[in-house]
Amino acid sequence: MAPHYAPSLWARLPAMALMLEIIFIVLFAFFVETEEFKKTKNQEFLYLYANFQDVHVIVFLGFGFMSMFLVRYGFSGTGFGLLVAAMVVQWATFINAFLSSFHSSKDILVLVNAELCAASALVAMGAVHGKTNPAQLLLLGLLEVTGLVVNQGLIKKLFKNDTFNTTMQLHVFGALFGVMTSWVLYRSEAEPRHEKEKFDSKTGLFSTLGMLLLWMFWPSINFVEAQEIRIMYSTYLSLAVSAVTAMALSVLLSPKGKINLVHVQGAALAGGVAIGAIRTVLDPWVAMVIGMCATLLSTLGFRYMKDHMLFAFECHDTCGVLSVHAIPGILGWFADLFLQLVNTDDATIAIRFAVHYICILLISVSMSLVTGTITGFLLKLKFWKPQQDRKCFDDQAFWEFPHLAVHN
Amino acid sequence: MAPHYAPSLWARLPAMALMLEIIFIVLFAFFVETEEFKKTKNQEFLYLYANFQDVHVIVFLGFGFMSMFLVRYGFSGTGFGLLVAAMVVQWATFINAFLSSFHSSKDILVLVNAELCAASALVAMGAVHGKTNPAQLLLLGLLEVTGLVVNQGLIKKLFKNDTFNTTMQLHVFGALFGVMTSWVLYRSEAEPRHEKEKFDSKTGLFSTLGMLLLWMFWPSINFVEAQEIRIMYSTYLSLAVSAVTAMALSVLLSPKGKINLVHVQGAALAGGVAIGAIRTVLDPWVAMVIGMCATLLSTLGFRYMKDHMLFAFECHDTCGVLSVHAIPGILGWFADLFLQLVNTDDATIAIRFAVHYICILLISVSMSLVTGTITGFLLKLKFWKPQQDRKCFDDQAFWEFPHLAVHN
Amino acid sequence: MAPHYAPSLWARLPAMALMLEIIFIVLFAFFVETEEFKKTKNQEFLYLYANFQDVHVIVFLGFGFMSMFLVRYGFSGTGFGLLVAAMVVQWATFINAFLSSFHSSKDILVLVNAELCAASALVAMGAVHGKTNPAQLLLLGLLEVTGLVVNQGLIKKLFKNDTFNTTMQLHVFGALFGVMTSWVLYRSEAEPRHEKEKFDSKTGLFSTLGMLLLWMFWPSINFVEAQEIRIMYSTYLSLAVSAVTAMALSVLLSPKGKINLVHVQGAALAGGVAIGAIRTVLDPWVAMVIGMCATLLSTLGFRYMKDHMLFAFECHDTCGVLSVHAIPGILGWFADLFLQLVNTDDATIAIRFAVHYICILLISVSMSLVTGTITGFLLKLKFWKPQQDRKCFDDQAFWEFPHLAVHN
């Protein structure tokens, strides 16, 4: 079987990746200038560099290792994460610069923005992990980021204000996009639930490592854009409450009174996602309440909605991105709206706020559903030669495997 | 058997954790204000943020992974570390703010302080790992931090000067507290030495990862309070000497001339602990000598004292915190006193110094022994329903286990 | 067999390591002063500290974990990496301070320099991993760094200008030194290719972790010396292209159309190594082209040259340092020369540049080949009692092993 499938990777991935790289190089040669990078050692850079490194760790190490809980999918989880993220940051650097008429291409913020886009693509990837080959993932990543950037441009143009919020869209857009793609790509033959879709005690520890990296550096990803210490502080407290609540709820909702590692890992991050969608000034205790609510919804999503989605809608969400990213993101968005309304006395402004928030959310959701579905149909083409059903969630479809590679 | 034990976790942990979270939220709502967090982008914050992140990594990733060498205790080691640390930082933030009449609640230093308290609780946990359930660990963490903060307040009040040193107390108080608790909780039936209390080649690598994170970021944890570059430099050199010496001594004291991974991991950190207790200006070579002595004592402690403690006093110290934290911390304290005496000509001042140092140490040690013993008796209550003896050092008592969770 | 070999470690390592430590302490006591470390909290330090931590992670965690892919060599890969690096930073701190008449011993740059030297020693170690004992590795590390520093001093003296470039030498000198040592130490009996010289799915993940740490923090290691943001940016883009290209080429050159983990890990770093050798201002697209070329050469090196070196020259290069460090480093050096020539109109200056560059490269290469060979012959002495052929690539030769250590 291996010889039957190996050629497909041979035939698609190298050509696609190398061609894209050459196109990117040409685009950079014509459209991206370097002379702006002369500013050195100033404090702004200092500030952003440490922050940027935290985001860097989240994108390239955290997401990769967290998606690695699948017992036979470790190499692919980290390797394809690196592949897609490395490709997407180049594309996002270019497209961000192009769309914004190069005005923000002047400093390290370009890279920060590119990495946030890459994070969004990795969230989308989380829903289809194990059911696609790397060439499909590359296309998915590029389309997701294009959709995200177009959506942001659209919202900016329509609403002409700064209610604009990347972090919310990062999570909600990415998660819904991925789920729709996964829905289109559903393989009925891969049921009953795939035997390889579980974790063992070692892959569980690797994904704990990834999850802790995300958990620890999440304050940085939330405040890298706004750069206000109170966002860092809110995220920190919210995540602390999330971690405790996630473990308590996992026990409470378990029939045997035991903790489920995967649920805890996802739900402990929900507080950070929710706070990321909020730009209002928060009292510490409000941040803690939001963290608790987000974790509650996320845990319920893991325990009940994930299977429901699978059986009722034939939609399989490998890493549970709907529960980790979409639901807490939307919760945070409404919490932000609620806080704005509470702080506003004028009814007209309050209504304007509410319309704004709901429209932005609706546009983002619609865009992600539509582009996700389109991407799904594009990826469903036989052209991509995805792995067989029985090779799903398995590194062996793509990697020269250790015990077969002694002579190398 | 599992059904017999699982309900105990169901009955205690969720109620306790959620109740505590709600209490914390109420306390924060009434007593912690947020308006002080308006200062942004100033250099002080910059400086502290990078440092704070290093401490963050040590507390949430380093300690968790280092305690993971036990072959079947990986999920619990990291998971319960996260649970307790996330709970303790909230409590410590509040209690520090409350005791200091909110004066220091104004910036990121509150968080740094809270994380140092959490580190102390994790040191205490190191002694009882594998023999307690998470509800017990939560209580232990909260009591330990309360004891630590009260002890600090007491010393501050009694001595009204700045000889006060958190780092020494962090290690010595935490380690002695944990050892006393473990002594009270001793289970004679768990002997002969538990078969699960060993490491394998994979868990050994995970704990190496945790140990290296501690080793690398230890300079940050030592100088985050004092913020003087020479403390960073002293710690760096001391740790370098420690790492080399630990490996040499492990071979020398081994009957077969081989290196013991667990001993090396503990002893290589001893130099950092010792320097943490010192506030005098050190010549580099003095820091190196102190690192070497601390490692020597720590290695001897691992080779001979750990078993002696077990057989003579029925006191079982899972991670050897006595050798890693208590002994080097006390050594550092006396080294600091010695250096102060050498630099002082006036006999009166010298005697005053000596009395101060020894009193502070005696008070801290007494407090930790007493509070640790009391905590031990509290945790021994049947109410907590700890795991059976044969489920010690085993994740299966608490976690939905991989091969049993296929259908989830 | 174990009792036969264990004594060798007992007899050599402790004596050597402790003696060296005592010598270092004496040298530091007489020659290194501490009073310069009074400057605190200034911005320069801030800037460098965050950077220094990244380099710290690369040296102590990244290299160690990346060399851990060997299935039974995990403890040794990380442990001996820590041992050698901790020893070498002390020696390099001293020797750098001594050779430069103490003028640069005033701030954190001393440590940065020492860590770059340690990185070079770890590169050299990569070629001999699994075939030497820790006492041999200690000697190799100290000699390599001495050779590197002497070579730098020589070049500085001869060329009296600032074309001087540590990063190029770090990689090229280290890799060639290691390969020559490995060539001298060749064990014909260890062929046919050692069965333990492969990876499994878990060690592969650990080495992925190490590789990602290197990949992520490489921009920091490249710009820590020059401290110009554009070097960071060039390295970042080059590495992104490298990661994508490495995966594409690995598939393309594989007979079965599958990805080889070890090749991808090495080749994805090649872009960073190449940019490290360049000090000219680069347009982003040029950096990307260089990254692509370096990855191409590196992948070809892994696929074809590594085996060729083994069969034709009896030279065994465990981690493929020739392909990861030497070739991309030399490519980058020539790319830098080429870019200098393109920017120069004056033919005289152009020729002077070319002569300079080629002479520096020739001197470095000759020095590394000669010192590496000499070191190889020193290490071949029976005195060192290396492990038997059948104990190569095996932790059991040096470590008290888990399942044998239950009683401890």
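Letters A, B and C mark the chains as written, and numbering starts fresh at 1 in each.
As a convention for this text, a contact is a pair of C-beta atoms (placed from the backbone, for glycine too) under 8 Å apart; a residue touches a chain by one contact, two chains touch by 3 or more.
What you see is a predicted model; the values in this text were computed from it and never measured.
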**Asked** Do chain A and chain B face each other with the same patch, meaning over half of the contact numbers show up on both, or with different patches?
**Response** different
**Prompt:** How far, in degrees, do you have to turn chain A to put its CA atoms on top of chain C, rounded to the nearest 5?
**Reply:** 120
**Message:** I'd like to verify one number: the distance from the centre of chain A to the centre of chain B, where each centre is the average of its C-alpha atoms, in whole angstrom.
**Reply:** 34
**Asked** Touching two or more other chains, which residues of chain C qualify?
**Response** 43, 46, 50, 202, 209
**Asked** Along chain B, where are the residues that touch chain A in the complex?
**Response** 2-3, 6-11, 13-14, 17-18, 20-21, 24-26, 28-29, 32-34, 37-41, 43, 45-46, 49-50, 53, 56-57, 60-61, 64-65, 68, 72, 74-75, 78-79, 82-83, 86-87, 89-90, 107-108, 111, 134, 202, 206, 209, 395, 398-403, 405-408
**Message:** Taking the touch rule as given, give the residues of chain C at its contact with chain A in the complex, in rising order.
**Reply:** 43, 46-47, 50, 54, 71, 193, 195, 198-202, 204-205, 208-209, 212-213, 215-217, 220, 227-230, 232-233, 236-237, 239-241, 243-245, 247-249, 251-252, 254, 256-261, 264, 268, 281-285, 288-289, 292
